[in-house]
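Down below is the structure, laid out as structure tokens.
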């Protein structure tokens, strides 16, 4: 062990910041991005679950910040080990169930830990169809569409489960207009009565379930139905603004999924500009064969929450940060 | 203009969600990632400012969500134009000043807009030294180290400025230990009395300035000093945990920079594992010539706020989201 | 126009590098990453093609390098305009056909241009199923699986078309072994008789077609069948090494697709390590419920070409570079 | 061990592709992206080398592809172990020297291996200045500018060393024009007599050294001088085209660095467009205070080799691939 005589500027181990004006505020720690894959076998038919699990713990952590005493700190390496061990012990029925096992464990087994937040990304795999249709079934190709996400929080008494998805890219090639907007001296945009509407859907929805007596939602079924409602609402809304489309997507989920109390979207407006081909004697309007430039940056960014009447908002406003 | 008869499932323009259980919650919109570069000339000496500016506006926006009426919506295209026009009209003295000009404009010039949030990334350039030292001075190389960030919020009355940096990668090759931690049945980590401590610093600090009578901080000088304090505290702390180092970095800023009331860090623990070379008859301890594996995932993630005594926290807990 | 008196160190316009030992070698230029989307309409049923097109031109370009004379340089901005204009004029039947139109144009219309190389990425979209199944059909969701690529080269006489795909992630949860390998003093790996085999397939195949009398392949059908052969060969090969699987994938394409003379793969071995759960009293073998760590770096990287007997190799060895 | 009876479609172990038209072409394998960090200590002053090392081996590898026999295959896991062991045994004097040790080892110690190619990325760290200037010196901040790269190839007889850099972003705010170019019916670009010229320099240079009697270049000094020549030539060239600037950068290296025979550049033209502010009554020309939009895609891409008179080209044309 090294000499603990500390260089100038550091706080000696064990000291408190007496008289110092700098106080510890909200804090959390854990192991992020544990990539865990579980294969289950039903004879020659295999099943796969593929997760990226991040754990964040809160509690009585003044000492480790003020003095470097780790007595209350369960190492992040241990939280990693627990993720893999629980995948074996409990299996992975759904991302949400798995996160609930983990969050409960940390809060109930470590006295200094008062709150656990488990974040999970899930990647979907499809089967590679076998030749005759009845060969071995252990071959998969990654679906590659949206990433499913879940955040499970437990404070020892109440649960909060926020599920969602990201990077679900959708496009309507018509039934989108944009006109009648406010104008000021910096406004040059032409009104549009037929445009492409495209976005990468990032959505998070909060379940009403908080534990206790209530029965838990069927997480996988709820995810599939919610995704379907979002896609349908996007496709079926004749859009006068991306905000309107967003509301329709959210309201459809609230209307149809009683287990969900709140949903928030972050929707980049992926602009597709009609190419100006008039210098070449070509007409390029939104009729048949229209050619668009797909732009990267800048992009409109539309964010909003849709809430069930009477529900308190619980999803943080900032799904994405600079 | 197209026929407005809407397909099933959409809400006719102008309607309200009467009787519908889905209510609009917090919402904002604007143009994100406007990449603006401004060159100023002082004879043959040029200066460069290179920003990525995102605007988010809030206000009386029920109609656009419920019915698609855009009457209150200043187009995101207009917010983009304003960014470029203001860079010309006001110049870019600092990211914070520029954001203040923009945020004030949107809130004070558009009645339905009640709150504006401007986020800015700034990229730093260094001069390429001229041959004799006195040639033309219009050549730059991007510094490439950290990215400076700022978030300016104005609600018509009060200002909040949160500045910061991200992707500042630092490493101590010694003076870091980790031992004396809590252990449970999933703990296998060996205690360490000499390890590498490395992280990508992401920090956000909130200024006490809220407008009104107070004089504004000197934003650029404050940034430079704050970055220096963070680096010094990292270097000079004999670390018993990354949490302790985090607190020392934050406390040093609070101690020395009176204009800052709060600072939050998100610090991934970039693990460097001693390579196990014993199978090859090689000793690889932390003495001279130690060889490490730099790991990607998983990584410890340590997040905390350090507050000036008496200050209310104002930086959201989640600088990064899954 | 500015004064052309040039500062020390630059070559005056029009000069040649007489006596200078530095000669121009292979060179090419053009506009990269033109993002073009084309919508065609068949009544209420829309179709989408979504490409990323890069153009590189070669020819008599000594002057522009040696002296800055642009007389032979068709601006990259013009190559961009041509991409969008051709999307309107010729449509986008397939990535390969579209590239052939473009490459022919540049070589035949600009005397100094002797060779054109067009690279294309294509993104696939699926329809969002309408409610009743017979509503409007203008809504799409990006498939998100592999990216299709094509490189079309024309030198005025002969054509070379190399098509392919990238980021097709596949996994076999069994039927993979690795043993009987060479061992030296640095070998510690344990032999494995049942492991996960996973990779991100990057493949490029060269068509025998070089223009002239021969009829052109059916590009889209060829792509679909080739992808299917690759997936099937991956799934059906009982693998003793990733090299063996690679060869089987390539050979199956050569066996079944007469229009293809050569195929090259770059296959990262995406390692999945069995989690060591023995410290926790858990058995984690490759039987039911096995738990794996999916690793990022380092990874094995297996690259090889499979050639039709008698064909000359034409795909560069380095699909990926550091 | 599992049953080796293979499913339909795979080749039984040990077989050759007799009669099959699919032959193995160029192939290589190895472990990619080994992240190795080495700390050396000179009292309280530490030094750091931070590399990303990829190994690719070629040789007598027909069997492993045709039949899955691994008898000639040194596992990629062993190449990884060797990287870490050699970092201990030989140290890391420079990326090139380290690669030479590794490449020689694989070719000379494994009979079936006939050629080894080692690719290295190096990340640069700066010291964090200590308080009094004479404290401990074990604290570093990553410089974050360009990434240094090297590729060392050995076939048992001759060496080829290609070094280089990537992601070195440079910008001239004046002294760049573009006019007098070829025009066709798709040309709309306006000529420019004062524009921003910016690029991310990616360069690779080949050393004349091939082993044998000649003495080895001083790799680190050569790198530093070459980078400086590239920056100086960029800054000092009054540019009429990016091609001209490219040639000047390359020629200056060939002129001044006798150890280098060839250099190739891939230079994206990072377009900065003058913002059109005329709709707002603002003049935005290239005089003082000009405001630009920094564009992402598409971008011009200029690639060329500059060769020493009499040298044979040896750097592959495609530094970047789609």
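Letters A, B, C and D name the chains as they come in the text, with residue numbers starting at 1 for each one.
In the analysis below, contacts are C-beta pairs under 8 Å (C-beta built on N, C-alpha and C of every residue); 3 or more make two chains touch, one makes a residue touch a chain.
Note that the coordinates shown come from a computational prediction; the quantities given were computed from them, not determined experimentally.
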Going from subunit B to subunit D via touching chains takes a minimum number of steps equal to 1
Comparing contact pairs by residue number, the option in A-D, A-C or B-C matching B-D for over half of them is A-C
Computed over C-alpha atoms, the centroid farthest from that of subunit C is that of chain B
Between subunit A and subunit D, the Cα-mean centres are separated in Å by 36
Rounded to the nearest Å, the gap between Cα centres of subunit A and subunit C is 31
Chain-centre distance (mean CA atoms) for subunit C and subunit D, in whole Å, is 20
Listed in rising order, subunit C residues that touch 2 or more other chains are 7-9, 35, 81, 85, 131, 135-136, 175, 186, 188, 232, 236, 279-280, 296-297
The subunit A residues in contact with subunit C across the complex are 35-41, 46, 48, 50, 81, 84-85, 87-89, 91, 125, 128, 130-131, 135-136, 138-146, 167-175, 196, 231-232, 234-236, 272, 275, 277, 279-280, 282, 284, 287-296
The answer for subunit A against subunit B in the complex is residues 1-2, 4, 6-11, 13, 17, 20-35, 54, 56, 61, 64-78, 80-82, 85, 109-110, 112, 119-121, 149, 151, 175, 177-184, 186-189, 193-194, 232-233, 236-241, 243-244, 246-248, 250-252, 254-255, 262, 264, 268-269, 297-309, 313, 316-322
Contacts from subunit B onto subunit C in the complex sit at residues 7-9, 131, 135-136, 185-186, 188, 279-280, 296-297
